[in-house]
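In order of appearance the chains are A, B, C and D, and numbering begins at 1 in each one.
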């Protein structure tokens, strides 16, 4: 078992095979395509989503009874990392689509599952979660999108912002506040699965992000947009809790992709330093360069170890609010620093279109804002400091593993 | 199970109890004594070693058949961390003594075990490993101490440097080169268990380290010092290999104590910031302070996760040369930075005799040089970069855990 | 006099006016154009070079007798900084053109001045220095481009790499080694002012740098390219010395633009944090955000102070090899870190096409490789350490300013 | 003129001579004494203060008409740096004494000057400023020490904290709030020059700072301590303003000593790396080590340049609140990091009693809290960010140096 390189040995065999298949998928044509389109200032071709679906990966976490793989969170993370080594934005965006499939499979109503799940698994219907709003960052208490009860459904009004895949999705999982005259639920947050038909009551506004277009970021603008009854996702009142519950997983997931993106950058820099010579020996044979890249490698492993530990906590359903926030803050910082170090170690060549580092740098930088900026994470951790690190924090009773 | 605070739940029950007993030992009088003597510029009273032995801890890793606990490497690390929270130097020095007991128990000759082991377990005979030399850092190839064959034993000549506990040990485990006229073994390294009787042929030279006297650092100077036959430790030729094999464990061990020392510093800073008020609220309620300490906490957890992963590799006897070096380099950097941040967050108060931070800072700073400076570690990692991180590194076959 | 913001008060009045005129030029349409074209993945329109020439800035350092302003190095730096606040790449590239004009004016032969100088001042003839080669970074000893003597001139063969403005210049100032059969000069380096007529003996190869196209980087490939006698620039043998002499100035110049680019980023982040509100007050009113940006501001001022000190040394013709290398290494590190901090402080918005930060980040990152990578600079400084910082370095006699 | 090493050439000749004389004083016996007493856990012998006075340095800034040198702020800084290279705490403490002399000379009443100034210049009467209080850090609004009017004087009650030289001074310059029944001045802050006769109404409480005892920190506790009329220092109401005005100078002064302490550490590390060999060449000939120390050198120069710029602003009486805070925050961070890097580069040897680095590290660390912690400085800078760095900050009119 290799403690150095990979956690795959800790997964069951079928999940190891899934990770290997994902790696096989990404190598070669797909990887080249990501770099080429980035260099042309374009997003990757959405047709690749269909191929990814065809290979079964949109159903990665969908339970087996619905035709998915029923894979674990740890497996999901390893698959996402595998793709992120080739391109952060594509990995972020495609795994986002997979997340929406999983949510409908696990928590959708029977009607939703019946109408949508198989089409989602095939990649024919793409869906995006839509929580953020223009003003508010992640302050769910300040959420202003409303859903007003009408006959046979709801009228939704408001703007959702920074929606990954927003340019191409066919529906969105929208968090909205129930309008004032709807009995006991008024004021509560509810989640809706809303088909997105561009028209008078709905439009998309692309957010131009040069250098990171594969996120396909968009604002989704609703104005008295009619949504049928069946679109309601679970009970109002559950929506907020569900959204909060998923945030730890989402943070660890982004953190894991940052680590993978940095690992790929290190590989590129090490290979370059191994093959290029100066003053009669490989660059990596010069002590200064060796130390620079050694430092990158050890911070990479620290981020990897912390992220994996947080992932184990999420997988075990253990309390992980602080740990997930710590893992994300650390992984983001280390990855952005590390990719940049690799780029600099390669000289101007590293920034050219022939290499993947400038792309990874720009895409990871942007993706790192997802699911909590560093500032929010520090606030979150800061509030827990005394409980977690004070002189007499309440420690849970030790779980004795061996029979007494 | 708490993923945040502790790995103890991963230990078997008896080892959890050992860690708890060590924590109980260190709390209170011992902890106060460490701080008081440091503040007076003195080492801690060596009588505490006897008490620690009495509590059974010098036999922590000694096999049960010889009267020890037969504890694992992971348990050893947790015990060392527990003491390091109260004082890095004492933990480093006392665990060093324990290591020598373990070595005699595991690898000593029958004669050595018979004569010395029980006295060592009681703390009546203290022993220190002695490898470094004045000129050489850790370059074992350049080792100059010699052992010349004479009737009934050997004459040892040379100087061993930077010996922890050097001022108080009764014997030393000395690495020396066999003299030129000793047949096939000439030039090979051998390890001797040498009683240290101060006199004409042996003397100690204290190394004055103000602020970190509990290491009791000393040079050991031998000149034609007679050593009886039975002192030879294993086969000549084995000595070098044994010394190299233990280096990964030693590095992870130091790294783990750095993490513990930093964790204690964070606790002290968090408590201070929780109880002291400014502008009408606790210091920790001010965002800037909260963020500073949050950043310390997350780097602490990263170091903790990396060190534990390296410890697992050592425990599993997996290849760990690179990983152990990475863990030590990272843990040292983070701990020195982190203790300093905590100290600064407390203001001048933090540096006063009432707090443990200045002591931890000075002691950890010095202890961090043990078992490989940062420069050596970077060299070590640098040499492995291409193999570990290059495009097609040889990956070991995946160990399938589940039955196929 | 403001010590905080600006060194302009240290310039003579006419130079202050030049800086102010440059600021006026850059504001508005030019600034918008830089951002727009960057967002479209295009270089800025070269027609702006003509306007800059028309405003007299290509003759900034050209002596007054030839129609220039005869401005000082300090003034040149302030003008470059003024433009770099709007776009690093354009500032780097356009000032590069100015440098070539200055070189012809100051050090060209009479024939060169007569034929080219006025056209260069008008921007009708653009010229680039061409020293680097594909293999060699900045190792001038390893330079392989050759100039072979033929009737009426020379035949030049070799490739010059990473040439700023390479896609658009009409001539290049090429450093080449004199061919083996040319008497006493054989093997010496010489500098030629070579007209670039694309054809059989010369071609350009664009280096694709997505995200930083305004540098217009190119390889220049010569194969038996004929160069007339009058193209020789000064004496062979002088060329190397001249090239080396200019390197300190070039390093300080790049460093100064890095500082300016970072200053503009800070302005953008501060304004954003001042105008955007969260939790009932401006972002900048939150302590965490205020501290983050305060830290950026103070490192900015440190870089500014060091760069200005180095600039004063260059201006005074004092020895500045170490100081210029230190200033560049520090300014580059601080600027790349600082722009990134500003970008992160603004959230995803900061990376959007509406802001200048992603552009500045990508362009400054690439431009920072110019005139010595960080690795080369550290080597350079390292070699001087003992002389500059050792116990008894040879200090120059103190220059007494006041009459004794 | 050397831009690299020293700003001395910018001083007038007599001030250059003062700096040279201070350097001569510190070299040799004094320097050795500082290290020896530190290693013994003792403060330096106060008799050295008399010798320093004898050499004329307690009157460094005292106007010439009173028998001092009337030296400038820049000169004062260079003298302080010169001593700080040998020991931070002694430099901090002794220059603190000089500051009190200066204050009496410049701002004392005639009676105060007549009674005290000559004795102070001789070092027979030592005085310390006393502003801080136990609870309050530097919040002068919360100051609780009171002075109640009685016949012929005042009764002072309260505690002053963290007083440098508190163990040995004969009088203190105490900031107190005028008691409630004293007419129009009630509630205002006033400054008193209070003789310290230990007894029932006054006592000192030493603050034990192991490793930094030369500061001789103490609390001064007053309880109905009688102070004669002539002790009042200037007008009540002026006191606060005067205290605030001196804070910029004090910050720059501490920052300058941090820079000097770091410069001495670098010298020690460079010399060690120059003389000690490994693998057949000097340590400094190994690229990794050279780069580490090169990085220290360049941050040192950045701190030096920024501090000097701030010092020029203070000297010119220009607004320097932000700049002084930036300079102190940066210099402290760089110095603590840099001294630590130097110590680590020397290995365990660097921490031994034979070297000055552990002493400088501990003393500089503590001294850095003086005149504003990093947290206070960031708050201070943060509040000015928009005015100093926003898009349209009010810039002062440019001061034209050349005649129009």
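The definition used in the following text is that a contact is a pair of C-beta atoms (placed from the backbone, for glycine too) under 8 Å apart; a residue touches a chain by one contact, two chains touch by 3 or more.
These figures come from a predicted structure and were not determined experimentally.
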Exercise. Where each step is a move between two chains that touch, what is the least number of such steps from chain A to chain D?
Worked result: 1
For this session: Please flag the chain sitting at the greatest distance from chain B, going by CA centroids.
Result: C
For this session: Averaged over CA atoms, how far is the centre of chain B from the centre of chain D? Could you give it in whole Å?
Result: 40
For this session: List the centre-to-centre spacing of chain B and chain C in whole Å, with centres computed as mean CA coordinates.
Result: 52
Seminar exercise, completed: Residues of chain C that touch at least two other chains are 287-288, 290-291, 378-379
Problem set entry | chain C - residues contacting chain A, complex | 38-41, 137, 139, 162, 207-212, 217, 278-279, 288-289, 336, 340, 343-345, 347-348, 351-354, 358, 362, 365-366, 369, 373-375, 378-379
Exercise. So in the complex, which bits of chain D are touching chain C?
Worked result: 1-6, 8-10, 12-13, 16, 263, 266-267, 270-271, 273-274, 284, 287, 290-291, 293-295, 297-299, 301-303, 305-306, 308-310, 312-313, 316, 318-320, 322-323, 325-327, 329-330, 378-379, 381-383, 385-386, 388-391, 393, 395-396, 398-402, 404
Exercise. In their shared complex, at which residues does chain A touch chain D?
Worked result: 286-288, 290-291
